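Chain IDs A, B, C and D follow the sequence of writing; residue 1 opens each chain.
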Amino acid sequence: MCGVIGVSGVSDAARVAYLGLYALQHRGQESAGIVAVDPVGRAKLHRAMGLVSDAFTEASLKELTGDVAIGHTRYSTAGSTVLANAQPYLVNYHAGPLSLAHNGNLTNANELRDKLVRDGALFVSTVDGEVIVHLIARSKAATIDGQVRDALEQVDGAYSLVISVGRTIYAAVDSRGFRPMVIGRLGSGLVVASESCALDLMGATVVRELLPGDFVKIDDGKILDLPRLAPRRVSRCVFELVYFSRPDSTIFGESVNHVRRELGRQLARHHPAPGADVVFSVPDSSNAMALGYSEESGIKLDHGLIRNHYVGRTFINPVQALRVQKVKIKFNPVRDVINGRSVVVIDDSLVRGTTSKGLVGMIKEAGAREVHFRLASPPITGPCHYGIATPTREELIASSHSVEEIRQYLGVDTLEYLTLGEMIDGAGRRNEWCHACFSGDYPTPVQLTLGQLRHSSPPVAIPL
Amino acid sequence: MCGVIGVSGVSDAARVAYLGLYALQHRGQESAGIVAVDPVGRAKLHRAMGLVSDAFTEASLKELTGDVAIGHTRYSTAGSTVLANAQPYLVNYHAGPLSLAHNGNLTNANELRDKLVRDGALFVSTVDGEVIVHLIARSKAATIDGQVRDALEQVDGAYSLVISVGRTIYAAVDSRGFRPMVIGRLGSGLVVASESCALDLMGATVVRELLPGDFVKIDDGKILDLPRLAPRRVSRCVFELVYFSRPDSTIFGESVNHVRRELGRQLARHHPAPGADVVFSVPDSSNAMALGYSEESGIKLDHGLIRNHYVGRTFINPVQALRVQKVKIKFNPVRDVINGRSVVVIDDSLVRGTTSKGLVGMIKEAGAREVHFRLASPPITGPCHYGIATPTREELIASSHSVEEIRQYLGVDTLEYLTLGEMIDGAGRRNEWCHACFSGDYPTPVQLTLGQLRHSSPPVAIPL
Amino acid sequence: MCGVIGVSGVSDAARVAYLGLYALQHRGQESAGIVAVDPVGRAKLHRAMGLVSDAFTEASLKELTGDVAIGHTRYSTAGSTVLANAQPYLVNYHAGPLSLAHNGNLTNANELRDKLVRDGALFVSTVDGEVIVHLIARSKAATIDGQVRDALEQVDGAYSLVISVGRTIYAAVDSRGFRPMVIGRLGSGLVVASESCALDLMGATVVRELLPGDFVKIDDGKILDLPRLAPRRVSRCVFELVYFSRPDSTIFGESVNHVRRELGRQLARHHPAPGADVVFSVPDSSNAMALGYSEESGIKLDHGLIRNHYVGRTFINPVQALRVQKVKIKFNPVRDVINGRSVVVIDDSLVRGTTSKGLVGMIKEAGAREVHFRLASPPITGPCHYGIATPTREELIASSHSVEEIRQYLGVDTLEYLTLGEMIDGAGRRNEWCHACFSGDYPTPVQLTLGQLRHSSPPVAIPL
Amino acid sequence: MCGVIGVSGVSDAARVAYLGLYALQHRGQESAGIVAVDPVGRAKLHRAMGLVSDAFTEASLKELTGDVAIGHTRYSTAGSTVLANAQPYLVNYHAGPLSLAHNGNLTNANELRDKLVRDGALFVSTVDGEVIVHLIARSKAATIDGQVRDALEQVDGAYSLVISVGRTIYAAVDSRGFRPMVIGRLGSGLVVASESCALDLMGATVVRELLPGDFVKIDDGKILDLPRLAPRRVSRCVFELVYFSRPDSTIFGESVNHVRRELGRQLARHHPAPGADVVFSVPDSSNAMALGYSEESGIKLDHGLIRNHYVGRTFINPVQALRVQKVKIKFNPVRDVINGRSVVVIDDSLVRGTTSKGLVGMIKEAGAREVHFRLASPPITGPCHYGIATPTREELIASSHSVEEIRQYLGVDTLEYLTLGEMIDGAGRRNEWCHACFSGDYPTPVQLTLGQLRHSSPPVAIPL
């Protein structure tokens, strides 16, 4: 998962993009980058590993002059944590400087890449988005609009992206619309962002969300709608609402906070915990769900777990040395809330189960009489091929274990998940969700090895 | 404010202290340091500016060998952000290596320092705690116990401190008991910490809180109670419960989470907001208060403000450049919760008023119909002379403005504070609180310039 | 100017390359990089700005596993001091990882680049060598040997380069042979380097120098001579002997130290300074010349200038603030040697004249009665288009001033240069030198804007 | 060994001190520091590990405002490479900020320190100079002049030091005069430095060298000679001339360059190498000696060894891994000069013998027919107790081996040293040298463990 930003016609655009990336920090902490384009069309790039606030200094922002900018913040995925994979890309092609910031995952990147390489293209990273840049540069289309469209029509999978060519910005969302993207107005200029919360911090107001297949061009403070991309069955990622997006964002037309509260209510309706004394969330992602559960069930809400917010930073080794479970670094139980009580613990989802197991252990040590674990989404049984860094099927506990087995593993008294139907009801009863990781119903053809660029033949270049 | 840790008889004591400091990070982000003492009595110090996780690396922890350690994390106060002021101090005196980690503020530090300097003492920092080290080194008492007592009897004000002399650890709380301190057991060893939440992360179990005037010696896994310090009227800092300590700690015999919830209930009882649609907190410090308010009032709880937890890190200039209020970087309103509603906003306290004004502005922009601001403590009218870095009286809005004036400044429909009595009732109806910053009733004689070491004469050495 | 290294069939090849680069540090201080290839053909790159010893750490060398490596150290040239321009390049092309380290300057890089860009090639740097990589990747030749040859036959100008494709290393010197390159044996493996001094430090023994047009392939400890590149008139860079190469190297079949001593003798023969008391060098590049001058003339040699060898490091601003001439930071006169004497100062060459003027000022302040300046090469009247970062013609003092005018500018009593013929006699009376910067006799067609990639159209991407 | 600087009455004094330290870099590369005092008497300190150019940035120099400054650069000695030992010291005592920069070694530091500690003094470093600061602060003398004198009269051994008290600078050289120190004028202000070469770079002109026992006070651009310290037999360190000082300095009234040339001549007169073809130095310290040898003997001078000047920087591990002798990193032989010849190698002194053995190996590998090693000083048989970091007696090869044994160890054909008398003749036939390391004739009573502060009892504090 990643966050992308575009800014056009706003002075000091890189600083505005910086604020936007800052608000999208939850979408990726591995690296951050900004390309800025100045009035004569010169583009400069700065990118670095780490958080947005570490990646940029006053000095680096000063270098990024201009009123056009695009930005990117990248999620950490195993094996490719190298600067060469940080975005945006910036290259010179025949129409001038070309830069790209991509959120999503292309499902046919390997075939396209293999073909391009056979034709003499040189790849400098192992990231799927790089193929788009090559496809644009090699397009025979007469116009730049046509070259970009040419590229987008060849790639399949999930993409919500921003491209700059010279001083023009293009924004597009694939026709299935997996990932959110929104356009806003800032003074006489325009901004694009992965989520509306970034518009708030940039000081922009929402113009509209980009719909599946939307392909727009932004220039001189004007949005020009280019012909839409070929339509496909819409499949919005429900996990964005359940977990990924920030609660203060509105995506796919829904308030994330509102949906999460509703998911909590659904849990209470269909998966009650009669006799429980108190309900609390695993903070912060399931706060709204716990609140909904409490409202609907009448079970008192409390704060049973305190989260140490300094954990975002790299944590060094000593913990392992002391055999302190990582979860203990991040969460601490409030004994006063838990001791002697029957507690309902609300979490948004359960992936490997290791963190939850650690949490349950802490809750029981703090004196819980009974622990009722409730999940505001169904069991995750398959990987995401559209940009969320879920682990392989083997690591997903629900891919090979029954709910009862998981309950025993966690050591809780009861364990219940929302069903697919209950979740979709909570998310807004629409027939346009991607819930492949829960249901196995993938909206695109899926190759054997996706998600990650195939390291095809043994020889491969790794710019560290 | 600061956090202090002591560890004795635990292998790899510095790593245990590191975890303890990590849990006390909220008590100070300016600098962190650890002294470790090895089996033959050699003491080593590492200290650095910044957060605990930045100040220490695997390499620096490896250097800190030994089974005895003390640690310190320091709160940022204006004008003295220099490494020389980071604690612990470590010096050689005639009985061997002596180190000190101090939480609190000595009210007679200036006189003591002036006298020591006249007698040839060399000071290397501008921090009050340094006088204690000199007093110990110059004591004529025959035993080390006596030398430490000698020093403690000469200083006045607030101190909860840990001292190591050779391989022995001393812990003491001044007789008024301003600041918390707790002892725990970890395997066959012992630990000391400012708050119980640090014991949780270190894996220790509570032995007991240190009471006002307690003076103990820890050696070879045993606690030896030394004769108590001369008694004074107890005056526990009520602000530790209202704001400073972590909700998962138990201090002064009270669960912080429980007290805060009760303060929220007090607010609802005495300062209702009839007709309001929703109540929410300024996260995270007033979460429990908002929950208590909602329970007692029946007004629905929601999450109206989302906090960006990446803000802990240094934030660079661009924000100012863009005239983005700092508060916007830290908080974002949830429009869906606020728009068209009459909202009750709960905060723990109000200092300068600037942050609250910014928040109110954001809440109103998000469409609030009415804003009712409620504070879970009385107006702050005076500075703290006992270790909390409140601003000067001039900067405290309530020292020169009426509640009605503050209401107008904030731009809210109603503004109400807990009264002193209501707060004390909520905190546990005991007659032993220091509430000087609210009431002006200072438990010690107060000099004109306190809190901060007087920069007496123009010439002063500043080791950067 | 740059230094290049290749290593094949030597365990821990990156560390060997590191030593080689270290010995070639004088050929470039802007950036350093190494690509290592492991036994299964995976290539990894590490590059960084600054000196070799700063660019690499134990950790970065540990990552660079394998028995094949190429390395590069880059000279600082204005306007392009960015990491993206650091070499080696490393890309994936259809035959696997391809890396390049280039010393020299291609005179037709702009046309080739323009054409490649029109054909959809994406450039990530502003350095001329990048075209070679694209040409290889786009070659239609059936074999890798053929693809590399294809590329080399299209580029014109100066190149002494090392290329790795998979685990094979190619080394080539353009047919005019501007820059030196030597092959050595290290155990059962082979190494390639810009100068023989690097072989000494790597512990290798010389196999042979590469001659102009040599094109070899190194694999499994064997050198395979590929058919030579199309012959051109040989034009070895005489400035390598005069100034650039290290005195302990043997290049173009000549001992650099020996040639410089001979140049000093030539100076004494043809440009005596009768009545002078002492002769000294501007250390260290003209040490051997001063020695030769003293021997031939009988004038006593001494050390009149001491060089501060800590100057290599970045020197910060304060100097300017104090109006200390930069030259004073680097050199200090020995008053005892100079005071009251008539001195002969020997330098290798004179470019802008500013440093020499500063030196002369210092020498006169130290009490010199007379100053006779002697240069062991002719006046430099034109830029180098073959890889030496001489300034533009406008900045070359001898391009627009007579020797008498320069003498007056420097403020010396006499100023004499070697003539072209005298220099060539000293360098070994061969008819195969490039002396274009002295004579204007450029061995290749020269475009208007060379030496530096033309920033053709205003829009250009600058990855910082 | 260390370098010290004082500046008074010069605007931007810290930058001037920075230049001075830069010129004294050869006297110490472990750490560097500057204290600056502003017009109202506030003193600020910045110090850091490493070279002067690394220790200071534009930002740190900007902080050091004022027209008075003292600076220090410290030589690396084993076991104490920690920031706490970096100078200058800066403390507040009753008369204001007091700072100290010390060059030399106090022979009674341990007794003084033990006594001070018994009296309650707190030491923050393990360096001998710290006792002086405590002695000043505890002096009962009525005036500051008296307090400083009080301290100086109690310490024994070698010291050339600069002290600032408020805005006044004191400079003193112990009565035996082991180490050099010189005063210069810079505009209307004054500077003090360890060697005259620092005056050159600061742009100052020599006023006078401080003589043994000189004790001066500098204030408002005026030098006030305070009564001289009690006289002792003068014993100037001859090793400063042989090796330590820069050749462009004049110390003890002698040009270092001139003395070294004369030492080379002495070598040639008394230790000829008949039949040798060429003579060369181990650069750069013995360059002048080789020149003198060549002149006197008529044997041709050449450059047989090239020194890599980038070596000053930290060199990382790989070398060991490759078993490359460290000496090879630093020096490379010029085969052309050496091959087939009988060579005379001139070095200033021989300490452990390991470097020389490595050099000889390289010279022989380069084809030398015969190697005649000549040393411009006698065998070093004992440690220095006055500030030069010679190794212990056990490590000094000449303390336990005869010249013939050393010759065999080095593997040379002949090995000859200057005798004590020949060296003193060369240094200027005066009866006031300290040559204890050659002769065992120590000018002060010498304790068993000197040179290094005794780590008396096991418990000791080590601020890392």
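The rule is short, and it goes like this: a residue touches a chain if its C-beta (ideal position, glycine included) is under 8 Å from a C-beta of that chain, and two chains touch if they have at least 3 such contacts.
Keep in mind that what you see is a predicted model, and the values were worked out from it rather than measured.
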Given chain B and chain D, the chains that contact each of them: none
Greatest separation from chain D - chain, by CA centre: A
Interchain centroid distance [CA atoms averaged], chain A/chain B, Å: 36
Inter-chain centre distance, chain A versus chain D - centres from mean C-alpha coordinates, in Å: 60
Inter-chain centre distance, chain A versus chain C - centres from mean C-alpha coordinates, in Å: 49
Residues within chain B bordering two or more other chains: none
Arrangement of touching chains [line / ring / star / complete / other]: ring
Pairs of chains satisfying the touch condition: A-B, A-C, B-D, C-D
Residue numbers on chain D that touch chain C, as the complex places them: 12, 15-16, 18-19, 22-23, 25, 51-54, 56-58, 61, 197, 200-201, 203, 246-248, 250, 255, 257-258, 261, 284, 287-288, 291, 295, 300-303, 306, 308-310, 312-319, 321-322, 324, 328-329, 332-337
Of chain A, residues touching chain C in the complex: 40-46, 60, 63, 90-94, 96-99, 117-124, 133-134, 137-139, 166, 457-464
